[in-house]
Amino acid sequence: MRENPLKALLNKLKNNEISVEDALAALKKYYYEDIGYARVDHQRAMRSGIPEVIFGLGKTPEQVAGIASALWGKGAEVLVTKATQEQFTAVKNVIPSAVFHKTPRLITSSPLDLPGVSPAAAVLSAGTADIPVAEEAAVSLEFFRIGVIRIYDVGVAGLHRLIDRIEDISACKAVIAVAGMDGALPSVVAGMIDVPVIAVPTSIGYGASFSGAAALLTMLNSCAPGIGVVNIDNGFGAAALTHAIIRSGGR
Amino acid sequence: MRENPLKALLNKLKNNEISVEDALAALKKYYYEDIGYARVDHQRAMRSGIPEVIFGLGKTPEQVAGIASALWGKGAEVLVTKATQEQFTAVKNVIPSAVFHKTPRLITSSPLDLPGVSPAAAVLSAGTADIPVAEEAAVSLEFFRIGVIRIYDVGVAGLHRLIDRIEDISACKAVIAVAGMDGALPSVVAGMIDVPVIAVPTSIGYGASFSGAAALLTMLNSCAPGIGVVNIDNGFGAAALTHAIIRSGGR
Amino acid sequence: MRENPLKALLNKLKNNEISVEDALAALKKYYYEDIGYARVDHQRAMRSGIPEVIFGLGKTPEQVAGIASALWGKGAEVLVTKATQEQFTAVKNVIPSAVFHKTPRLITSSPLDLPGVSPAAAVLSAGTADIPVAEEAAVSLEFFRIGVIRIYDVGVAGLHRLIDRIEDISACKAVIAVAGMDGALPSVVAGMIDVPVIAVPTSIGYGASFSGAAALLTMLNSCAPGIGVVNIDNGFGAAALTHAIIRSGGR
Amino acid sequence: MRENPLKALLNKLKNNEISVEDALAALKKYYYEDIGYARVDHQRAMRSGIPEVIFGLGKTPEQVAGIASALWGKGAEVLVTKATQEQFTAVKNVIPSAVFHKTPRLITSSPLDLPGVSPAAAVLSAGTADIPVAEEAAVSLEFFRIGVIRIYDVGVAGLHRLIDRIEDISACKAVIAVAGMDGALPSVVAGMIDVPVIAVPTSIGYGASFSGAAALLTMLNSCAPGIGVVNIDNGFGAAALTHAIIRSGGR
Amino acid sequence: MRENPLKALLNKLKNNEISVEDALAALKKYYYEDIGYARVDHQRAMRSGIPEVIFGLGKTPEQVAGIASALWGKGAEVLVTKATQEQFTAVKNVIPSAVFHKTPRLITSSPLDLPGVSPAAAVLSAGTADIPVAEEAAVSLEFFRIGVIRIYDVGVAGLHRLIDRIEDISACKAVIAVAGMDGALPSVVAGMIDVPVIAVPTSIGYGASFSGAAALLTMLNSCAPGIGVVNIDNGFGAAALTHAIIRSGGR
Amino acid sequence: MRENPLKALLNKLKNNEISVEDALAALKKYYYEDIGYARVDHQRAMRSGIPEVIFGLGKTPEQVAGIASALWGKGAEVLVTKATQEQFTAVKNVIPSAVFHKTPRLITSSPLDLPGVSPAAAVLSAGTADIPVAEEAAVSLEFFRIGVIRIYDVGVAGLHRLIDRIEDISACKAVIAVAGMDGALPSVVAGMIDVPVIAVPTSIGYGASFSGAAALLTMLNSCAPGIGVVNIDNGFGAAALTHAIIRSGGR
Amino acid sequence: MRENPLKALLNKLKNNEISVEDALAALKKYYYEDIGYARVDHQRAMRSGIPEVIFGLGKTPEQVAGIASALWGKGAEVLVTKATQEQFTAVKNVIPSAVFHKTPRLITSSPLDLPGVSPAAAVLSAGTADIPVAEEAAVSLEFFRIGVIRIYDVGVAGLHRLIDRIEDISACKAVIAVAGMDGALPSVVAGMIDVPVIAVPTSIGYGASFSGAAALLTMLNSCAPGIGVVNIDNGFGAAALTHAIIRSGGR
Amino acid sequence: MRENPLKALLNKLKNNEISVEDALAALKKYYYEDIGYARVDHQRAMRSGIPEVIFGLGKTPEQVAGIASALWGKGAEVLVTKATQEQFTAVKNVIPSAVFHKTPRLITSSPLDLPGVSPAAAVLSAGTADIPVAEEAAVSLEFFRIGVIRIYDVGVAGLHRLIDRIEDISACKAVIAVAGMDGALPSVVAGMIDVPVIAVPTSIGYGASFSGAAALLTMLNSCAPGIGVVNIDNGFGAAALTHAIIRSGGR
């Protein structure tokens, strides 16, 4: 709608270049492709600035490959999140250049290669066990062509590890802070820098971590301002928000 | 730390311009002022880019006025959130120019006046009852010298009201979407535009809204990417994140 | 009781056509058949309008087949929900015409074939991963001899996909809207049409979706009126309510 | 959209009867009236079959009266839910015929008077303390011009009270069953009749009723099929769904 | 203590029949046997009227067999709850007469055989899937030498099945009502009879049953008085309480 | 039904002493009296052994007095739970002998006076603050003509206070153990005696007591067998269960 | 028991200095004093090292004063927690030297005066609004004759304020860290020092702080080892644990 | 910082013994070693008194072995908690002396052997199934060179088993009380002794134990003062706190 396709269509109609029926049909096709189990959205990149990303959870390998193929066929790059090895095998059959990033369980339609892109975002993890989620964020950022600084295992129980890197972090346009257990990392980071902090709780922990709910609540209640929180383990969501922030700043 | 005061001090010390004891003392004073019940942080603006904001909840009027006075005395503008009429009266005694914004329950040390500032952020509310939280966000943005477009009562039960304003919204650098009850507004907005969306759940609702928890969960689980969530009723937090996003983009 | 069998019995008794003892015995047999681990209810169709449906979860294959056989023996069609392959094998042994619908995990005693039945209900799914629950609703409707329009993958992050089909949807007598994650689909649908909306939350999602609780709460708090909610993943329940609505309207 | 105003507009445009600009402007006005703190939706009745209902919670008396006045000015009847005495006073000033229904806390713009309307819906309450919510449902139904049978205090601890009225209940097109505490009433009712049952949990109870959450869960987990659940204490929501069911059946 | 062993010991001591040291030692041995990973309580039957029952969950087969052997060696009958096949094999090695009751996952040290014992308790299950928990209660009662009437699959969605058996049920000294999903059975039973009702929620259900929490809350909030609730799936606990009730009445 | 009124009616009908219509009418009247906002149940004492008790919460003083008056008019004694001073004043107008028990907030239609009744139940409280709930249980027991031993402030932090009274307690037919905060009292009591223990959690506590939920969970998870749990603060429920236990034992 | 009064009694008995009856009576009196609504525990100081502390919540002023008077009469100092002004007035009547500490809502039987006591514990608060709970801890420590360093408003959003005082803090024998909202303070403190940290969550916050539950979970999930957590707002509990730690170290 | 390495560095710098750049580099190296997926903290023992302990959950065997190897290479002893057999195999390859403690799932770099160390801490378990968590605490204490008394299976349902050992327990400097299900053990222990009690809830239980949440809440709400609580199943955390307490007392 930012591109105002509706107005263009109305003008064509006004000028009698197309019929009312044609206009309605055009609007439908324009939007998406119906492949039965999915309505593949070819227009989303234009509309919301983020390519159609396939959420792998709960989809069969055939469904994932079918959607990926439809997108790839229109020239788009494809990203599958929370993917399985089986889904990758199916995608590889239809997109031979596809790559499986095992740690973050992401499939990209092509290898990621960002020569000469200077880092615009930092991805921090509180612990080693949080790395899969942090990598989901980092690789997704690279899929969006954003350079990434990775700084892992800098939890608040050993603050000096974090303080050492503050200068690098504060030079970025956004920081993604990934933490499970007590989830305190984003609060501490946001107290030290002036860039937006995207907080990602992880399900790492046990007992009263309640599968990440404890870290999530910590982050929502942070006494440091300037933090936006995403769902537990949602590294991709943090990357998408960071993408929006950086693109918004560049306009 | 972004300004690297530590390095400056180390150099002075190196050059024998100050003693080790003086360096340590300097660091302490530099940081904050101890007024007994609070350690007023004169350096936060420099350090994290956001002036010290006073969270009114749970503080006595005397404490709020004391902290405000200390900040004002060093030349800072002051914002008090979740404030009461009693706190305002106490602040007014020490800062005569102070203003009480009743709907959002905010105190600012001076009237807000933004002539010629073009809007950079949109603040949306799903319902009329969400306006106090939306105003907390909007007035806080104005405190940060950011121009605001207010678009209220555009909940998803009547989508046409929202669609009408999409062009204005998508021209902003960030959008704050405030919603109670089902909390669906940010999902719908984020599906239509390509700017960062800050989602603010409110405690408006009853029964299974569980004081805003329902709206919070909806927002965290949004199927539209590019959304950062803040605490329930935390309009100020959304404004602070928006401030960080806009400043980050302007560097 | 709507058929008032009690009155008929009382009259027979009054007329000395049966003894008190016979009347009591008649009442018992009439109601159900005791097969040890279950009391098969042969009268439910008459009483509540819905054939005895077997809830497969937690029952052994032998129990499912035994109950199915008892119902089939009295001439009833049988539906098993949340069924397993093992339960199907056991049922197939006693009802050779039985069919297993794999995606929705339903067993029906006969193939479903609805030639010439025009659609009376629409079943919508927000995502591809919600299809198994949507199919549980759709196939159950067909078991009740109700024609179904299936419209899948029309979540609120791409509203145009939904808007295209609004005319078809609003021509139905009831709409079942199935959604996981943020669960926002029913709110948006109910804001656009004037037919009853049955909302089915699914357990699709992760993290703060809390196995479907987030979607459930969204639906209960919908700001659009005219929505009835069923249990998480309860596609059959939505179909049963839709069946009751359509039958009620036809009287 | 059911009335397809878009098509009419497109045809006018096609025929050069209006300009593109006029068409866009028409669409906006048509939809709603912006009164600052609310966007009053004059088209909702046409679009979704339910007049704009004002949710009183969290709105000032001035806001309620303002919205009511805007609706009344266009010839609509008005309903305010969860209303206060103060809101009524404000509404009475602008709509002299307005009536306050104290038990259910509803304001209607005119007295409700349904001579000769035969009952189409039954409203049941489990206890005496559930009556305010049951009355919210019953009076709302009358606002929608639907005749109501009220059957109160028929909880499952004394089933004979309910069984006596089963014939009356099963003659209705829909049944609203209101219950707090254990919330078992809808399960029992739905096991005995073949009309749709709308279940309304109430916040009546204490301790482990958790403000109605216990009753809500009972209803969602009912082992009797054909039940749709609405939010805790949401008598109006049940009435709106019942309205949609009855209207849908009448087409 | 009911048997007042302390007084006996004090008297012996008083009469110089034993030394202070011996008295202390006697008290210790009397109480239990320390086998390293467990302190087997030989006195519990005397003290609390219930033989030491072994809770199988989380214990190794060796631990279960070791404790069983120690009890068996002192002449006690043994019951193991929530047992596994592996634990049974280990117990069988040390107690050849042991029997494994598969449905309720109980091990008893001897076959249960209650010739001529008239039933004193009724065990009801709402559904077929609740039978394992109901059997845990029923077999445990038989272990306590209490005769049992089993009445299964009498959930509230088909009340007539229950009403048929009310006379049998009300002749018992206690009733155990086992139900998952909506958990409404105990409320309805307690409204019809005047014997104590022990309510056992089960984890049968899905979605918003939250693993039995919904049924538990229903039972705690029952509007029918005279109900005691035990933990989810705790058939044994219900049997132990029933045992205490019957024994208490027999004094 | 225990008295089998149905059979008597059937026999009268069989013998032509009454008509079918009269039989149906008889059944209805027999059951309850409809006073508009309540259906007063005159038969409950016969049917379930417990007189109709009025739950005061959420009822107006007029409603409470109306129901009390209807019961009193048929010769019954009346108990109102969770009552207010206003409700008492209204009841006193229609039943001059009524008494308000302030600590437990109970109204009884006559003074309670149990000369020569020997105690059959013990009521224990863990702390002083739990006494109102303990008194609700104790006074309710006295309303049921059951003698009570009160033993208050015997929480587990000072076990010797409890141990002193074990002999008295174990001589009763049932024990009600009332506790807030950690709720550990019933576990400890049940480990020492062989009579049924009714556990009543209270809402006394703060923070992570979550209004009694912590105590409730403790009691449900007791590792001592023979405990039945009632709702938080439900002293009356414990008394009703105790009443059923004692009556059941006396048959 | 640490003083072994039982052994002394047994020896007296052995030597025929007292009768069995006298021994039993002695044990009872020794333990506590029964004043009806409370069993005042005169022996607790000897037994558990902590004087009987009166928990004010839910007690009437008369009850508090009565218990305080009984303790005071035996020569003990008295502490009342979560006290009200009314309770203080009642205590003051029976203990004229009593003092009300308003911020922490504590009553002590005498003024606290610790001349020459060097600090052994530090009490930290994250914010100004946490001070009442911090003062409950600090004043309770002083009641136990433990010197306290108070360091308030040192939350993690401004870490430098905390780092300044680390040397003072690490010289203590225990540290009490009080924090609401994100509750991150104890994690950060425990990562920097080697003394035991007692973490006290407070109910300060709003929205998703869920009355302190968020801070509580953060603290339980701390990734820094060496932290013990107490109940939300339980400053006294933290002081009691600190008291036990310091006394234990001094043996 | 207790060792004040910063001051030493500053003095060297002041004396021109090192350059500013060298000082900064020194600080970094000093702190930790970056091995990519982890920042191994060689200074933690000095800083917080507890050697770097590796939390095994969520780490690959390679990561665990890599971190262990880095620590071992600097001369430290290593402890891995929540470890798997695969992680042990990997560690054994790089540290041949490593030992796997199977019950508590702990890896230590060397066998634990504490000849002549007298016990300073007691570890209690309520049940046999709680032993793995109790052993995690006990073996961790031994890793810290603290002698341990193990007293297992002393739950509150058989208090005499606990009372027997009170003298041994009260001679320790700290007590760790481990309990699942009702979690009542720490309350009872703390009421009898005057040493600090560390309460460890376990996930042992079922149904309403909610994976240990019930035991956790019991412990947080204990009415006995002097208890610190750690996370569910966190035996190591209890040992670390005990270590801090004992070391703090020894200074």
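Note that the chains take the letters A, B, C, D, E, F, G and H in the order they are written out, and that residue 1 is the start of every chain.
Convention: a residue touches a chain if its C-beta (ideal position, glycine included) is under 8 Å from a C-beta of that chain, and two chains touch if they have at least 3 such contacts.
The structure presented is a predicted model; accordingly, all values stated were derived computationally and were not measured.
Student: Matching over half of the contact pairs by residue number, can you pick out the copy of the B-C interface from A-B, D-E or F-G?
Tutor: Repeated interface of B-C: D-E.
Student: Counting only C-alpha atoms to place each centre, which chain is farthest from chain A?
Tutor: F
Student: Between A-C and F-H, which chain pair is linked by more C-beta pairs in contact?
Tutor: Between F-H and A-C, contacts are more numerous in F-H.
Student: What rotation angle superposes the Cα atoms of chain F onto chain G, in degrees to the nearest 5?
Tutor: Rotation angle, to the nearest 5: 90 degrees.
Student: How many angstrom lie between the CA centroids of chain C and chain G, rounded to a whole number?
Tutor: About 58 Å separates the centre of chain C from that of chain G.
Student: Approximately how many whole Å separate the CA-defined centres of chain A and chain D?
Tutor: 40
Student: Between chain E and chain H, what distance separates the C-alpha centroids? Give it in angstrom.
Tutor: About 38 Å, centre to centre.
Student: Can you list the chain G residues in contact with two or more other chains?
Tutor: In chain G, residues 55, 127, 158, 190-192, 205, 207-209, 213, 216, 220-221, 223-224, 231-232 touch at least two other chains, as defined above.
Student: Quick one: in the complex, what on chain C touches chain F?
Tutor: By the definition above, chain C touches chain F via 7, 10-11, 13-14, 16, 20, 23.
Student: Taking the complex as given, what residues does chain H use to touch chain F?
Tutor: Those in contact with chain F are residues 126-127, 155-159, 181-184, 187-188, 190-192, 205, 207-210, 213-215, 217-224.
Student: Please give the residue numbers of chain G that touch chain F in the complex, ascending.
Tutor: Those in contact with chain F are residues 27-28, 31-32, 36-39, 41, 43-44, 55, 57-59, 63, 67, 82, 201, 203, 211-213, 216, 231-234.
Student: Write out the stretch or stretches of chain C touching chain A in their complex.
Tutor: 127-131, 152-154, 158, 160-161, 164, 180, 204-209
Student: Can you name the residues of chain B that touch chain A in the complex?
Tutor: Going by the criterion above, the answer is residues 1-2, 4, 47-50, 53, 55, 163, 166-167, 170, 173-174, 190-198, 216, 220-221, 223-232, 236-237, 240-241, 243-251.
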